[in-house]
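Listed below are the structures to be examined.
Next, two complexes with chain A in common: one pairs it with chain B, the other with chain C.
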Partner chain A sequence: MTSLMTGAIVNAVALGILYGLLGLSLTIVYGAMRIANLAHGEMVLAGSYVAYVVTTKLGYSPVVAIPTAFVLLFVLALALFAVAGRRLLAARDPEMASFLFFYGVSLMVASGLLFLFDADARSVIFQFQPLSYRVLGLVIPKARVVAVGVALLLVPALFLFLYRTTPGKALRAAVMNRDALRIVGVDVERLSLVAFSVSAGIAGVTGVLLALVFPAFTPFSGLDYTITGFVVIVLGGLGSPLGAVLGGMLFAFSEQLTTLWIGQSAGVLAGFLILVLVVAIRPAGLIGQAEWKS
Partner chain B sequence: MSMVMQSVPPAEAARSVRQRAPLFRLHRASIWIWCLTLAGISLVAVAIPAVSAGVSFWFYLFQWIALASALNLMAGTTGYVPFGFAAFFGIGAYAAAGLTQFHHAPTWAALFGAMAAGALLAVLFAPTLRLRGVFFSVVSLSLAIVLRSLIVLLPEDVAGGSSGITITGRHDPILLYYLMVAVSMGSVAIATAISVTPHGLRLKAIGDDLHAAQIIGVNAKGLRLAMWVLSGTIAAMCGALEGLYSSAIDPAAAFNILISTKAIIYAALGGLGTVMGPVIGAVIMTVTDELIWARFPIANLFILGLIVSATVLFFPRGIVGSLLQRHPRFRRWFF
Partner chain C sequence: MSLQISNLSKSYGRIRALSDVSLAVHPGAALGIMGVNGAGKSTLLNCICGFATPDAGAIELGGRGLGGQRPDLVSRAGIGRTFQVPRSFRSLTVLENLLVVPSRGESPGVRLDRAHHALEKVRLATLADNYAGELSGGQQKLLELARILILEPKVVLFDEPLAGMHSDLCRVFLDEVDEMLSRSVAVMLVCHDPGILYRLARDIVVLHEGRVLSSGSPAAVRNDPAVIEAYLGVQH
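Up next is the complex of A and B:
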């Protein structure tokens, strides 16, 4: 029982950091642009398929897939922003317009992936030496260690970017007050472009890491990732980077522990019930606006 | 004072007021023409089973008209976009199928059960109306997923478990088709009735500025709740009829997120917040869907996505909305 328990906790930490990364990239876009990217899950999924092509088709190490996914998604997002960014930001209700727009994008990406890779589940085939580690009587696959390791590098790097660099500070300022940001002379449109592309790049990397942890994915897994991402950031508080990481952890822990105690199907339920509970008590999310003001 | 009077002679001022005032008021004849159109559509719909080999296409056409109009009742006027709209469709389908299969209820009882289930679910979900924008959409979506998982967890003799319910008794598809036409035309008629009475104006005010509407005395919460229950009930009836029509339902199909999103897309393409928009959008998209689906199964989703994205970028107000924006004089005729 205790080893099951430690196993579940280790899993929850691993998943939590990945969910946190998922939420972090989503929250950057939402914060900077007031745009809800409903195609975020498909960007993550595209990263997973990059991992599939790089490892299973071309036979390279999954580590190669990480920069590949980042660059590919970054460039694709630049193109998407060039087509739609200005129109969406100028819409009467940018939030809802982008919600629908990106839903359309997600349908196009999903059907594109369906066309390229067929509907059956794909998995990433790779060889790590050694295949797994044995720590305190627990068998931990090396793939998971690599995924969590990369995520543990990326999250602090993102926080450094957001809290210590000028573009990062501008992004956080955009969450607080876009108009004021414009008044002090920041090019909000270029900032949005940077935010959107970086977010897509991170989404791609997250996809590679998720492919290492969850072995199988189909062209229709994107919506699940999107929903998880949204649940995570709504839990933590929209636009709050720290909230995204906390929300990811909370979601992963509730999911893993309920799965352990009650069962698989209850695990999915628990996460959403916690979301409903948090939103009912604190509509701004766990650390919502408070964090930005202090 | 006299300077002002001189600069605009009274007669001219009165004329300009007279000219401007009715410009944006709906022409009385327009309502009659619209009602006659609806009556005409109903007559054609009644005649279709006599001339057409199958009613399947027509059944789904009227289903989407009903769903898009029902969604528009909520989303178009108050600005709440429920991505979990499929929850109502699903609960209706399950209520009707469960009552028919496990309790041998007659069709009318199954439909009333579905209506009650939809209304009850809407009341249960009412606290989410405190949320706004994306928060509301995401929570609504998660509630639909929660509901689907709960139904899978229920015992098999209550809700059929993960494999769903297969209705073994036979239902006359023509009767179900007529009922769907009635639900569909009924929901459009309700939308029309709301739009031409002061309630429509109040709802528009909520959509434009919630706080300003509340300050001038609009009961925003009550109206919103009424719209929410109404649209949920209509969606539940659609689900019930579709469940009986296809006589096999399962959690994945009944709570399919595409039901929510298609209803949103069809309504948005035609024009959210207009009465005619969702009808026009649903007809165009169902016909297009039928044509594309028949020829290119894989391209179907892609083209659906393309239409959605292009609509948002180039016709953010939908077909009817864009028309009214470009040519304000049509406001007397289209609504």
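Up next is the complex of A and C:
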């Protein structure tokens, strides 16, 4: 195997786990609430800007940005849910209502970031010691190792939450049948509040991690993350946590390997071609039939 | 604790699904609800459980008003319900289906014991680790019954509980209903099958086009000319 190929695979694994995390946070909220959060990418982006402020402006380690982004986005999501969450859930068509509402939110967040940070691309400036590791002849930046390491801790933690705790099981049950959950006494609105806030918090952390891997971002980068997130969860199967991780991996591998074999622009195209193929062959996604099964 | 429905009305657009319906379910007794399709049976259950908001009338449990409350609050007030098409959490295990029921302050160990006990009562203990989606339709109805047992409600609303169920499973269900009645649980039984209602119900209410057509003992309802006409038509 050439070093280029090894490098592409390493990159694909790193990106795949981050895309998986992105999809996981999006699928939690879509699955539990049937809410299409079009502002999810902006929440991720807000996490990147938290990393920018914490590192570049305040001079702290990016590791400090991780809990900061989680708490900030969690609290902001609580406020957003208090303003609109219950009304969206009570709407006759929650998917369409949330689609329009969160499109507005995404525009507002992007405009707010533009106002605060201008349109120039920003980067997180930090220095890990050592700067990089050399493995199998490949130079792997430590920032990428940290990002993947944190994601590798977060993904199993989320799976433990969803599959081993009662609130997590209730979230999965909400995907399957909200009415049956309500009739046994579960406050589905409160559950939705937890899902939405946790999802936003994870989106913020994902933003910090992505800022370590892709150091340049602008106030308009959110839409790319939203699109990637939706592609990943549709690939894996809507509402399926495991599907989100598999979808993230598939998307990243197709992107990275096509970039290696054909070129950068073809890499993005390949991801969407895979999406079209998967949806054509398995409309429910890779594991859509077995959604939320452990 | 009694469930009292007074002058309940509900319309969907121009369709009057319920019109001035009054009835009562008492502890230790089963009230049967009969009616052809479109009679208003499901709307009645949905209004009681909070899935639909009544336009007029009152729903009281032990004298406390329930009308318009959310389903989870109705459940916590003491009303349990099963559905005509069982609504299990198909990708959770049979045991997990019971464990998502909110805790009432008991320890995890006690909850687990109660869940296992409920599964034993409905003969599903050996399937505890299977996914609910793998159960037959009848077994899924028994799983709903186990959820009811976990909730220990004061009033239980059964919606076509025996439809499509194997006779062996029917017996399990009927035994549990008998036991509930002996524990002074009030039971409302919506059923197409008059035979089941005549066996279980102390009183029967017949709904027709959203109104109470007839009510009383099974014998009285069975011989009511209005009921005979609604079910069999008039012989000319």
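Quick notes on this one:
Quick note on the criterion: the second predicted complex is superposed on the first by the 289 of 294 C-alpha atoms of A that agree within 3 Å, B and C clash if a C-alpha of one lies under 4 Å from a C-alpha of the other, contacts with A are read in each partner's own complex, and residues count from 1 in each chain.
Heads up, the rule we're going with is that a residue touches a chain if its C-beta (ideal position, glycine included) is under 8 Å from a C-beta of that chain, and two chains touch if they have at least 3 such contacts.
Owing to the predicted nature of the structure, the values given are computational and were not obtained by experimental measurement.
When both complexes are superposed on chain A, chain B and chain C sit side by side without a clash. In the superposed model, A:139 makes contact with neither chain B nor chain C.
Once the two complexes are overlaid on the shared chain, A:184 sits against chain C while remaining clear of chain B.
Centred on chain A, the angle reaching out to chain B and chain C in the chain A superposition, using CA centres, is 80 degrees in steps of 10.
When the two complexes are overlaid on their common chain A, residue A:166 makes contact with chain C while staying clear of chain B. In the superposed model, A:157 makes contact with neither chain B nor chain C. The larger set of touched chain A residues comes from B, when the choice is between chain B and chain C. Of the two partner chains, chain C is the only one that A:176 touches; chain B does not reach it. Judged by the touch definition given at the top, the superposed model places A:82 against neither chain B nor chain C. For the pair chain B and chain C, the minimum alpha-carbon spacing after aligning on chain A is 10 Å. Against chain A, the residues of chain B that register as touching in their complex are 79, 81, 127-128, 130-131, 133-135, 137-139, 141-143, 145-146, 149-150, 152-153, 257, 261, 264-265, 268, 298-302, 304-313, 316-317. Within the complex formed with chain C, the residues of chain A that make contact are 166, 169-170, 172-173, 176-177, 179-188, 290-293. Considering their complex, residues 49-51, 70-72, 75-76, 80-81, 83, 87-92, 96-97, 99-103, 131, 147, 150-151 of chain C touch chain A. Contact residues of chain A toward chain B in the complex are 30, 36, 84, 87-88, 91-93, 95-101, 103-108, 110-112, 114-115, 223, 227, 230-231, 234, 238, 265-266, 268-269, 272-273, 275-276, 279-280, 283.
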